[in-house]
Amino acid sequence: MILELLGGNLAHGLLLGGVYGLATMGLSLIFGVINVVNVGHGQFIMVGAFVAQTMFTALGLSPLIAIPAAFVIGMALGFFFFYTVIRRLVEAPELTTLLATFAIGILLEEIAKLIFGADFRGYNWGLGKIELAITTIPLSKIYAFVGSIVIALFLYLWFSKTRLGTAVRAVIEDSEGARVCGVNVDWIYALSFAIGIGLTVMSGVLLTMFIPVGINPYMGGTYTLKAFVIAVLGGLSSPYGAFFAGLIFGLIENGAYVLFAQIPGVAPFSLTVSLAFWMLFFLLLLKPTGLLGK
Amino acid sequence: MSLLRLENVTKRFGGLLAVNNVSLELASGELIAIVGPNGAGKTTLFNVISGVFFPEEGKVIFEDRDITRLPAYRRAPLGLGRTFQIPRPFGSATVRENVAIGAMFGTLGSRINVDESLEMADRYIDLVGLQPHREKLAGNLTPVEKKMVEIARALAMKPKLLLMDEAMAGMNPKDIDYMVDLLIRIKEKEKIAIVAMVEHIMRAVAGLAKRVVVMHQGATFVDGPTADVLSDPRVIEVYLGGPSEKSKKDLVTNQTS
Amino acid sequence: MKSRSCMAVAGFVVTLAFLFPMYAFGAKDKVVIGHPACLSGKYAKAGEQAVGGIKACIDWVNNVHGGVTVDGKKVPLDYKYYDCESKKEGVTSFIERLITVNKVNVVFSAYSSGLTLAGAPVAERYGMVYMDHGGASDRIFQQGFKYIVQTIGPGSKYHEGTLDMIHHIDPKVKKVALAYEDSEFARMTMGGAEKHAKALGFEVVFKRTYPKGVTDLTPLLSDLKTKKPDIVIGGGHYEDGQLFTRQMSDLGIQVKALSLVASVTLPSYYEALGGRLAEGVMGPSHWEYGVTYSAAGAKKEGLDWIGPSQDEFVALFKKAVGKDMIPEYHAAEAGAQVLAYVKAVEMADSIGQDKVRAALGKLKFMSFYGGWDVDDTGMQIGHSMIDMQWQEDGKRVIVWPPEAATGKPIYPKPAF
Amino acid sequence: MGMTGYVDFGYVTFIALGAYGMSLGITYFYQVEGLGIWIVFIGFLLALLLASLSALLEAFIALRLRGAYFAIACIGINEGLRHFIEGAKLWGGSEGLIFSGSLIQAVGRETANQLTTFWADLAVFIIAALAAFLNIHYMRSKIGYALTAVKEDEDAAKVMGVNTTKYKTIAFLTSGLLGASVGAVAWGLKLGYVFPGDVFVIHYTVECIVVVLLGGAGTLLGPVVGGLIYGLSKYWLAIIWPGFQLLIFAPIIIIIIVLFPEGVVGMLKNRVRGTALERYLL
């Protein structure tokens, strides 16, 4: 019985983990390249969620179409905020950019509230579901998972096979060195920030394929915190590390619940969340480079 | 009695032998120069002496006391001061505050208060010739001035031994002459031993020290009176032949680790 | 250093705020209601409703009722509110400002039990009547506050009616699962529901809480599914209700009845779930558009009636918020609170705090919101809950209690 | 603590534990005969104790981690602790502790009113004054110099003879004890309740950082100016334009950061560098 439950939960956890992973890659990319901790990360996820919701309900378009649309919107937002705000702060101390992204986050929330109101929204794609022996899985979750993997793979290919991707990797390793080698580091900064935001907004769409309800201007905060944890698990400046860490996080979040539920007199859900953070804490102390780090 | 004695010190980074079985002895008040090409292990040796790294093998003895495993901050009060290869003054503090920090936590320790430290700082600022920059933020100085701040800061610690990492790297001939002169003055005035690490500038070495140690590939290669060492054909070969490509590579790993 | 200075600065700012008082709002010729509203932050939705409801009822009092009668004189009502951003610092500092600078005559609480509690000591210190339309926790009234009076009903009663109804329709059904948000209010509801379920002979097969702000309920619901309950009741706030229903459907958990607090009664719930998934789901509520409280009904029960009729209230509300929005219970309870205050002032024939508080203690009346009566601690006991169900084509039907019902319940609920 | 150069996202943990200490003291001791008003002091001591423990823990982490990693580890502790209290149903779990009633029972209604208002406010001011005093004292003593050295370059500091472990511990303990005092008084005593979800909120620390950066980090006047800009503009915007203050506020912050990356005071300082005015801005 417990094993069945555990198996079912792990299946859901794995699927969710894929989306978590993608949702964190943008954060890691931006930190890796520009050394900016994007505290407004979750708010960009919120933007993606609204893109999916609006396109579905107002225009009747499938979330699958919303994915590229969200990426384009995210890139545009990324370039906009980079050239108006971030570019001027790249050399400033870490905290200054933290403050800037914090303010950008608030701005996005308030604009979203102005446009969409404070209501909780959702949409119903109604794709049907797969019945397994241990659990039931809606198809949209599987689409979201596959989508995440495809995008992550695509990013991987871009990083390793293209000139531009290689340049980005060089900047992550050593921006001064890259500059010396003739890489236009400023352009790489702008591009990486835009791609990072694009990925994040896009992951907002995928997230709604997983959880298509509760979309509202203030939904982002929770995801910022989760993304931080996942990013650290993955080694902070490594986008792939983040992706795998997301998978692991999803598994733990869903799996540990079953185990904690066996202890009488506790609230297993909260303990599960607590576990994730303590794990982060100890991991940082023992292996600051992240689970997959050197 | 020797001031500092190294006994068969070895330090490895992964598979790389950065310092290989080095033994060295230094008397109080002696000024020696350590020379050697990039990657010869000089900086690592300094780090072992000042306690930034602990060696895998061998002993570091300071005034008959084994300090091999003593943390860096506890070596300073014993009388070990040093400067860094790339000057690292505390950028957001003024020159005066920088030097005062040296006085506060150096050999005088709790016997000196903040005001006395600041006064003492002024003395050493005068000594190195930084009077005009006393109230400037150290971060805004030129590299050479930063080096001077470091020297003053290290002197304010009232050390018995001053380790100078890359004493003259990146300086023009005028600055080098000034530095040679300054080090000799310091030795005379403060009565302390100085180990100055010099990379390539042989001209300076001749005027500076009576004794020279040449390091090559992590080991002491030649150790003796300056005139003899400088005319030693092996030394000339090491320098003129230039470091091998391999040791160049070692240098990179060595210095970034 | 930074954080310490931050606190020091906070103190400094508060001091400064007192150095620049604005005495523009004299309170001689009008009676002012003060309110630290939650217009942004996590309770923004409820806050907007409350402000609209209050404005609507003030409109009615001033223009239909002709103002508040004090000392034989009709005085208009005024409303002063700030946005507390759903934060306790906002609540405490704005209540302080409302009392000392704006010289308001009564303070309405912010939304949620926590924020209501945060403001209580401030109101208490100034001996100011503090009316709670947003904090449902019973524990607020166990602290010995003297000036607090509640309009919203206590949380423990939320799901009692639902259980009564199911027991009435299908006495054979036994297995009930409880899954509530781990918040002050929801836990109160869960406690009440558990007690009532056992009293009615139900078997509680599952009982768990989930943290606030949860984004994925799959682990909990998978666990719930293995217990094979007939009825599921739970909930907490808005977003978790949508999530709860959605993920129950995702996991294929089919039950005879599902009832969630807070979220279900909102139109956004129906829309967010694309309609179909919401059908048959029930939600307890303090008030719903369509309830049948009326002046005639009040007379039958021997209660005074005050305030607009339901339709009048809805019209005034729309005017107040400036858009075509249907008021929800947050609006209704805040509006009813205005009426309660007016009633109490007229009864005491004074705006003196102690006299008004005493009058509120004795007051008993009915409005479009239903009954109003508080016990000695100030806790609301006169208001009863209703149960609402989504039926086909997005119809909101009040199914319980029979005296307020506008239609028959669908039972068992259609499969997801 | 800006002094060590560590962004202490865990500061709110100190405040939260302070609030918990006070709440625990009052909740568990109010029925003990003869304690009367002393329960408040017991609460205060508990607050200091809890905060010291967590400050030591953070200092320990600070020995191993720097920069963003340290900040995130502190977030980890904060969130972990909060959810542990909720999950393990420790100290009332997510129900928190509500003790206004207990306090009234223990010391009487009048005294309780006095305590939660006048005395609590007074204590906050005393703590603020103490914090300012400590700040200035530290800045002028060896501790301040040591912390500057640690902030700038830990390795260099060690070689200079600065015992970095000791000074980091001092910094975190000071920060923790002050945070706990504020939490115990301004939160615990003044509000009369504590819910884990309300106190362990990282957002508060972020706001503090905003305040400091707006003013200019590393300046004495900076936080005051930043606090004034932040507090007053937010407060007045909320009064003038309820519901829209954040919409206006966010771009203002962004503009200030872009125009004055070193903070307002930092910018002024650069302008007046070398003049007599500089001394006053430091």
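We call the chains A, B, C and D, going by the order they appear; numbering starts again at 1 in every chain.
Rule of thumb we're sticking to: contacts are C-beta pairs under 8 Å (C-beta built on N, C-alpha and C of every residue); 3 or more make two chains touch, one makes a residue touch a chain.
Model, not experiment: these values are computed from the prediction.
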| item | value |
| --- | --- |
| Chains touching both chain A and chain C, listed by label | D |
| Greatest separation from chain D - chain, by CA centre | B |
| Which of B-D and A-D has more C-beta contact pairs | A-D |
| Chain closest to the middle [Cα centroid of all protein chains] | D |
| Chain B-chain C separation of Cα centroids, rounded to whole Å | 73 |
| Intercentroid distance (Cα basis), chain D paired with chain C, Å | 34 |
| Chain B-chain D separation of Cα centroids, rounded to whole Å | 42 |
| Per-residue overlap in chain A, given as positions that touch at least 2 other chains | 110, 113, 221, 267-270, 272-273 |
| Junction residues of chain C, two or more chains touched | 40, 182, 209, 211 |
| Interchain pairs in contact, sorted by label | A-C, A-D, B-D, C-D |
| For the chain C and chain A complex, residues of the former touching the latter | 40-42, 44-45, 48, 182, 208-211, 213-216, 218-220, 222-223, 226, 238-240, 242-243, 245-247, 250-252, 263, 266, 268-269, 271-277 |
| Chain D partner contacts - residues on chain B that touch it in the complex | 50-52, 71-77, 81-82, 84, 88-93, 97, 100-102, 104-106, 109, 113-114, 117, 153, 157 |
| Of all residues in chain C, those that touch chain D in their complex | 1-13, 16-17, 37, 39-40, 81-83, 85, 88, 90, 92-94, 114, 117-118, 120-121, 124-125, 139, 142-145, 182-184, 187, 209, 211-212 |
| Touching residues (chain side chain A, partner chain C) in the complex | 1, 4-5, 8-9, 12, 16, 57, 110, 113, 118-124, 126, 129, 131, 135-138, 141, 210-216, 218-219, 221-223, 253-254, 257-258, 261, 267-270, 272-273 |
| Interface residues, chain A side, partner chain D - complex | 31, 37, 39, 84-85, 88-89, 92-96, 98-100, 102-104, 106-107, 109-111, 113-114, 221, 225, 228-229, 232, 236, 260, 265-274, 277-278, 280-281, 284-285, 288 |
